[in-house]
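Please go over the structures that come below.
In the two complexes that follow, chain A is the common piece, with chain B as its partner first and chain C second.
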Partner chain A sequence: MRVIDRYAFGNALRQIDPAQKGALALLAIILCLALDRPAVGALALIWMLALTTWWARIPLRVSGRVLLTEGLFLGLSIIGIALSIGGKTPETTVVAWQIGALWISMTPESLALVTLVLTRSLGCAAALNFLILTTPLVDLIDLMRRIRLPEGLIDIMALTYRAIFVLLDCLERMTTAQDARLGYATARAAMRSAALLASQLFLTAYRRSQRAQIALESRGFDGTLRVLPLTYQRSPRVWQASIALTASLLLAGIVR
Partner chain B sequence: MKPAHRWMLVVIGAALLILFESRTAYAMHIMEGFLPPLWAGFWFLLVLPFWVLGIRRINRLIAEKPETRLLLGFAAAFAFVLSALKIPSVTGSSSHPTGTGLGTILFGPLVMSVLGSIVLLFQALLIAHGGLTTLGANAFSMAVVGPSVAWFIWKGLQDRAPIWLAVFLAAAMADLSTYVITSTQLALAYPDAVGGFAASFAKFGAIFAVTQIPLAISEGILTVLIFNALQANALAELQSLGVLKGVRA
Partner chain C sequence: MSAVLEFDNLHYTFPGSDTPALRGASLRIEAGRRIALLGRNGAGKSTLFLHGNGILRPAAGQVRLNRRPLEYTRRGLLHVRRQVGLIFQNPDDQLFSASVRQDISFGPLNLGLSVDETRRRVAEAADLCGVSDLLDRPTHALSGGQKTRVALAGVLAMRPDILLVDEATSGLDPWMRQQVFDIFDRLVERGATVALATHDLDAAQYWADTVAVMDEGRVIAVAPSAQIFADPELRALLGPVEARGERREVRGER
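Right, the complex of A and B next:
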């Protein structure tokens, strides 16, 4: 997870308004879902990987690895869509196996559906990854404040983002300490260590939240967390890219 | 060999490779773009009332006790970081706990519907697990149904069963119900060509059982151990959260 966060802060598109980057990613996702054709998904995947690589200057190796984090889910659920189970086989099958009274079969339609879902998911995921690899979460939370999500929710999210890294550091230090004392040598010990670690982590979280509260109150906390608004650049190239993307995806969606 | 045959072998081979290569199993989040738009919207509509209720409850808590705001921020972070923890799974590989059961016992189901959704959103934005358009579906299974099931078991078994059993069942059943709901969501969106919804549900259920049932059992055991450790080390904190109300020591 630190990989994504690191690139989000240090890529070539860091200064561009998150609303623009968000709109571009959302546009690709909506077009992929609405047009619903394998060609559109595949084209969106290529578009988004290309933008991430050449425009945001994030190595293809990194964006490729991030894209495959969901590989397990995708791989498993694709099998579920490809295979049909039933008492009989459909009219036309690509393959069919019989196990007892059940037929496991694969039809040309289910293969077409697999292609569609695979390309659509990868296209959408590449668009989402473009957004998260180019935009730090602080910018996204700022964006959510601008679109007027409830103030209390935004405060909690901003705190959560900060607290995640504090607690993660804590978690890593404790894991190293336990590991050095053979805390993860056997499955039984690992379970005990993990439980001890989680309970200590809970205590750390609880006490840190109280200390932060005291620190805020001593500085005149009145219930709202105010931060300086960030300044961004608006780039006309984002609009050009959006128009080109929309045009090419629409074309891929219409032409047979 | 027909080209379609060859294609099928490639797809299945790749899927199996990914399945056995990845040693650690995460909770089951539906990935971005996987659900057709109608279903994605449907689950958002279903989860919306719980978000409204949860945010109203949080606002009331903050009005009563201002320090709740910071506590909830750290609580969401705690739940997020918990999913970075690696625990041994009963099948020999390892898995990541979801923290749903523990979070519900500590903070209650309505607050958890919001905290769980924040965790899901952050998982989509920070580690690329799950997605934005599928957030509604994932939040429904993991932040609404899971916590509700955990809460009913936890409250229902209080004073009727040993505390470890209540904790174990709350945590394990939260994971299992999340897995059942996610399988349902997938089956509804992609019904089987021959057997319809039921066959599709059986397929997805069977496929994901490989990762999700060991996860539920491991997380149940882990949550019992965490709860014991919390009772030993953090009794005052548990009492101030109101967790031990009605629990016999």
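Right, the complex of A and C next:
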């Protein structure tokens, strides 16, 4: 969370209009889903990682780690698609194991499906990662305000995002205080400390919200969080990148 | 713009509490003053300040701004909050936006100012508080002293005539504290009043021109600081002031 946030605020594309970056990511996702071929997904993955690395100048180590985390969840869920379990001896298989009366097998069809799901998902994930690694939530919230999503929703997002960091700091201080009094010395103590921490953190969050409400009212809060719109640069290079991306993905999607 | 804020015989008990927080507190805050409000923990300093801009409504007594009683309506409250700014001890309670620029712009926009005027106010307040280079940084990446100054800018962008500061200087290192006092001094030079609730006796003695002392929900003394610190009874209530040895100049060179 903090790593993503740090790069989001300090990358080479920070000043670019979030609408442009969002459009680019959305375009890649739509093309990935519409063209629906492994080659398209793989190409989109390469494109978005390349843009994140060379254009936004975010180390591949960082974007790779984010992608790997997502890939891990994906990997767990595609096991179910790849393998089929049955009582009969499977006919066409790539690999098959017999455990007692059961057969665990992988067919060419399931393997093709897995490749498709994997490339498509990773391509989309890389596009989304490009957006979240280059655009801090502050800018995304500003973008949502611009496209006129309901204000209540946006205010809640904005407050939650800020509260996460305040509570994270608070959590760290409380854990350190517990640790200093051997709160995590044994597994038993750790369980107890964690439970206490959770209830204490809830109380802290509640009290904080009351103080925050008072502070907001002091500055004339009347139910809407009015703030200045942020200013950005429009870059023609985003449109150029979008055209190049569309052309190459279409090519990969149509040419046999 | 010589604003006057008067607390007249205020009584207040927090909901769910048995002991009243204020029992007949009175204080007059005039324009162009440096006021320190002293008193032990639980004396009622914060509660008094919360009455100053209409966050709390007294059970008995009256708060007057420029001789007119506070109106607890939407318009009345907006009016008083434009003129009376309130700064809290923990800047994290006040900074609600992850964008420094957007947080400072919140107050002026609530006053109904235009976007252009708000941009000017944000730049002005940021300059006054020395946070111009932080405007595009995320709030959560700031240090404690930076957060305090951004919180201050967020209130000053509303151009209040009276600033009530609730212990915002505690927890700052001496250098950073000096920066904050310099901001207060600049405000006072412009004709505003700064009232600071504090436990910092050095600040009360050397920065403030008037010291008010609270105890058990009442203001028990208001006088020039030298007079307060010469009174052995008040001194005993406030704690040892000279035990630290050498006195330091809080206000710095001028």
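Basically, the second predicted complex is superposed on the first by the 253 of 256 C-alpha atoms of A that agree within 3 Å, B and C clash if a C-alpha of one lies under 4 Å from a C-alpha of the other, contacts with A are read in each partner's own complex, and residues count from 1 in each chain.
Please note the rule applied: contacts are C-beta pairs under 8 Å (C-beta built on N, C-alpha and C of every residue); 3 or more make two chains touch, one makes a residue touch a chain.
Note that this is a predicted model, so its numbers are computed, not measured.
In this superposed model built on chain A, chain B and chain C occupy separate space and fit side by side.
In the superposition on chain A, A:Asn129 makes contact with chain B only, while chain C stays out of contact range.
By the document's definition of touching, neither partner reaches A:Lys21: not chain B, not chain C. By the document's definition of touching, of the two partners only chain C reaches A:Phe9; chain B does not. When the two structures are aligned on the shared chain, A:Pro229 is found in touch with chain C, with no touch to chain B. By the document's definition of touching, of the two partners only chain C reaches A:Val138; chain B does not. Legend: residue contacts after superposition of the two complexes on their common chain; A:Glu109 is shown touching chain B, with no touch to chain C.
Of the two partner chains, chain B and chain C are each touched by A:Arg208. A simple residue count on chain A separates chain B from chain C, and the partner touching more is B.
Contacts of A:Arg219 after superposition on the shared chain: chain C is touched, whereas chain B is not. Shared-chain residue A:Arg37: touches no atom of chain B or chain C. Here the smallest spacing between CA atoms of chain B and those of chain C, following superposition, is 9 Å.
Within chain A, the residues touching chain B in one complex and chain C in the other are 5, 137, 158-159, 161-162, 166, 208, 212, 216, 221. Looking at the complex, you find that chain A touches chain C at residues 5-6, 9, 136-138, 158-159, 161-162, 165-166, 169, 208, 211-212, 214-222, 225-230. Residues 50, 53, 55, 74, 77-78, 81-82, 85-86, 88, 90, 92-99, 101-103, 105-107, 109-111, 115, 118-119, 122, 137-141, 154-155, 158 of chain C touch chain A in their complex. Interface of chain A with chain B (complex): residues 1, 4-5, 26, 29, 32-34, 36, 41, 66-67, 69-90, 94-95, 103, 105-111, 113-114, 117, 120-125, 127-129, 132, 137, 140, 150, 152-153, 155-164, 166-168, 171, 187, 190-192, 194-203, 205-206, 208-210, 212-213, 216, 221, 223. Chain contact summary for the complex, chain B toward chain A: residues 2, 4-5, 7-8, 11-12, 14-19, 22, 25-26, 28-34, 36-37, 40, 55, 58-59, 62, 66-67, 69-78, 80-82, 84-88, 102, 106, 114, 118, 121-122, 124-129, 131-133, 186, 190, 192-195, 199-200, 202-204, 207-208, 210-211, 218, 221-222, 225-226, 228-230, 233-234, 237.
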